[in-house]
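Below you'll find the structures, each written out as structure tokens.
Paired with chain B in one complex and with chain C in the other, chain A is shared by the two complexes that follow.
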Partner chain A sequence: MDQSPVSLAACECLTALGDTAQTQGALERGQGALELRPFGGAEGGDLVPLALIPGRPLDESSPPSWLPAVRTLMGRCPAGPWGGPRHPVFVTSSNFGVGGLFAFRRGGGREHVEFGSPEACVRLVRGELGWGPNVTTISHACVSSNLGLVLAGRHLAMGLADSALVFTFDFLSPFVAGGFYALKILNAGLPAPYRAQETGSIGLGDGAAFAVLERGEGEWRIEAQTLYNEMHHFTAFPADGSGFAACIEPLARLARGRRVWIKGHGTGTLDAGRLEAEAFARALPESPLVGWKGGLGHTLGSNGLVELAIAREAMRRGRIPGTVGTSAPTFAPNVAVGSLDGRAYDAVICASNAFGGAHAAVLLAHA
Partner chain B sequence: MLEGYLTQVATESALAEEPAAVSARLRSVFSAGAGRRATVLGLLIGKVLEDRERWPTDAIVYASRFGETRALSAFLDTFPHPSPTLFQTSVHPSAVQQVMIERRRPVPEYFPLAGGPDLAARALVTAFACPAEAVILCGGDERGSWMAEAGVASDQGFAFAALLRRSAGPAPLARLRLTPAEGPAAGGLAFPDWFALLHGRRAFGGPVSPDWRLELEWLRPAGP
Partner chain C sequence: MPDPLAAQIKQLIAKTIRLEDVDVSAIPDDEPLVGSGLSIDSIDVLELVVVLEKEYGLKISSSEEARAALGSVSSLVAYIRAHCDPSRLPPLS
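On to the complex of A and B.
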């Protein structure tokens, strides 16, 4: 467990519901952005729930259709010598520009390939945002942005940085929609995270976010972070939930006796949702659990930071959105379907999971 | 300054070898079923991490410029009926996951890095940032198909694994020192060149990125 406190000096996101405040507000009202669309984009296919930034098609263009959204988001990032010697940037994604490769392979022009590798895609972003060369690129499926936060914190703790920027982006394409459709968890159903029902369903969503981390105490403090990789199966967890417990328990020890709420991963799949809800109910039975992917869709490698930004905004406003898209019965009694009064809490645990049984969690507290 | 020791090093060179030949040669690294499903990069990583008892898995830092490009391109060609297996294996960090899932070896910390002009330097700093006593630093690339011709996949196959420790222990293979560059440094160390240093047990002293300088000194010949 990483327990050198770092200050979360800034943290904002962009989703299909808008900027951080707009997203938090919409979720609090129980609103979502998922719409049924063909998983193959212009090529058609079965309808699946996707949440795209307004006006952005699922099919990729060149230059990428998501660049304006990145510019808008990063316009709110505090100015700094990002990418300079003591101001590293950690870029995370699970998709990068893979939508361009799909477009090329399905008959598009050569220009679609230009940003198809992570390296070329990050070079494009770096040029757009004017960063220096001190950039580390991380890709670990749906815990990617969590790893960026951990590494940024470690650079600060080791004295290698004065401040650090974590930037994450994942924009949908037929590539990733087709992949989750093939796994049969992206289907015509809308996600109902943590609901005990017959069939599980997820939705996918566009998402990007950034965080500025600084050493020491601040108004918002990342008190601890944990990681764990089960390496049990690519898409299944051990039935005893041991991987969830391994990641959660160190943070739960810090959280016991405090006023803590939990933002879970909660994609809408059944086994993972049940294991996660039960693990949190065992570890922190007094803490309510919410999940937001029923409204946002799963923003993939970026979900950890996107939802951390929303969690921070929820605590700032004193209103915590409930588990959008879900109704009783739920997998555990601590699942909160409706919104919560944020004034009753001082800290939040935000958790994410990924392929391979990867787990990550962060404890964020308000000073 | 960041200083440590490499106490184990393994490399696998398949620079110009046809991917099909690599698969046939290395398939036995995995069990029969897993070997058939494994990617070329998964097999290369499996080979350098053979002798599993020698590689503690408290922390793994994995570096690849391009990742699973053959699975990725094959997945693209399965549309409009996308393959779930190819989708899973096309994700960037799957090479190490293929190996560790087959061995059922939990890994508390796994940091997969993806590309960048200073990938070797970033991976080294990431490894030094892991608190574990021993950190596996591994990586590589596989030869791509049409994606290599388009510049979004490697034209070479190779893999490496090194065990980085803070203390020398009884028989260190090499000593590593990373020092911040004094002012912006010209040049750097390309990812295949980092592999070549390990593969050829060659010493190095110079900039590996605009902000870091590496000293790599071999202390004894490679051995078991």
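On to the complex of A and C.
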């Protein structure tokens, strides 16, 4: 656990539902952006729930069709000497421009290779946003952005930086959708996170976000962060939920006795959803658990920071969206289906999980 | 008399997940495929699902359905017989 509080000076996201405020508002109204589309884009395929930035096709283009969305999002980022010696940038993604390599493989257009590798993709973003060379690229499946937050926090805690920028982006492509479709967890069903039912399903969504972290006290404080890796199995968690407990427990100790709500990972798969809901119910039985991927889709490596931005906005507005897409019965009694009054709480735990048995969580508090 | 479909499935499993030094006919019909002596993991299951869908013209709709179908060789035989065009299956001898 990292327990050197840092200030979350700015944090915004962009999803298929819009900017941070639009996304929070839509989720609070129980609205989602998932639509059934062919997983293979123009090549067709079975219909699966995908949430794309409005107007953006699933198929790859050159330059990437997501670049305007990145420019729009980062237009809201506070100006600073980002990428300079004391102002590092941490770029995270689980997919970068991998869809470009697939497009090249399928169609042979060499223009797709230009943005296909992580290095080329980050070079493109860095050039667009005018960052200096102090840029670190991180990828660790669906906890990628959480790792960026941890590393940024450590740089501040160790006095290696005055402020740090974490930027994350994951935009869907036929390659990404096809991979989850092959696993059969992306299927024709809409996700219902934490719902006790016979068949699970996830949705996927476009997402990008940034956070500016600074040392010391601020209006919004990341009080602690945890990372834990089970090293158990590529796609499965131990059946006793021990990995979830190991990640949650250090933050739960800090949170007990306080007014804390929980934004869980909750993709809509059955095993992981049950283990997560039960683990939180054991650790923090008084704290309501919500999950938003039934509305946003799973924004993959970016989900941690995208949903942290929404959580901060929810606390700022005093309205916490419920678990969109879900209805009773749920895996645990603390799952909140409807919206909550945010004024009843002063802190949130945001959790994410990833293939490979990786877990991450953040305790965010309002001063 | 061994079921020719079961024998065909065992060959397919061995080929797909590259089982070496395994007597294919000795793969048990009723033991769990995952977590048994065959050391089939979830990535192998992914490969098997893709191959089975192609070979038998199946459409497995969810991971739960895949898990149930791939419970054992016997459950796989039953699933394929229930969902596959009979003209794709080996004749019962």
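Just a few scattered comments:
Here is the rule we use: the second predicted complex is superposed on the first by the 366 of 367 C-alpha atoms of A that agree within 3 Å, B and C clash if a C-alpha of one lies under 4 Å from a C-alpha of the other, contacts with A are read in each partner's own complex, and residues count from 1 in each chain.
Criterion: contacts are C-beta pairs under 8 Å (C-beta built on N, C-alpha and C of every residue); 3 or more make two chains touch, one makes a residue touch a chain.
For clarity, every value in this text was computed on a predicted model and none was experimentally measured.
Judged by the touch definition given at the top, the superposed model places A:358 against chain B, while chain C stays out of reach. In the overlay built on the shared chain, the residue A:233 is in contact with chain B and with chain C. By the document's definition of touching, both partners, chain B and chain C, reach A:183.
In the superposed model, A:118 lies in contact with chain B only, and not with chain C.
Contacts of A:175 after superposition on the shared chain: chain B is touched, whereas chain C is not. Look at A:137: by the touch rule set out above, it reaches chain B but stays clear of chain C. Ranking chain B and chain C by residues of chain A touched puts B first. Within the superposed three-chain model, A:201 lies in touch with chain C and out of touch with chain B [touch as defined at top].
With both structures placed on the common chain, the touch criterion links A:269 to chain C but leaves chain B unconnected. Taken together, the two complexes place residues 182-184, 233-235 of chain A in contact with chain B and also with chain C.
Residues of chain C touching chain A in their complex: 41-43, 46, 49-50, 59-66.
Residue ranges of chain B in contact with chain A, taken from their complex: 65-67, 72-73, 75-77, 79-84, 87-94, 97, 100-101, 103-118, 122, 125-126, 128-129, 147, 150-153, 180-181, 209-211. Within the complex, the chain A residues that touch chain B are 40, 43-45, 85, 94, 96, 98, 101-102, 104-106, 110, 113, 116-120, 122, 132-141, 147, 151, 154-155, 158, 160, 174-175, 178-184, 227-235, 243, 246, 355-356, 358. Within the complex formed with chain C, the residues of chain A that make contact are 46, 182-185, 187-189, 198-201, 233-236, 269-270.
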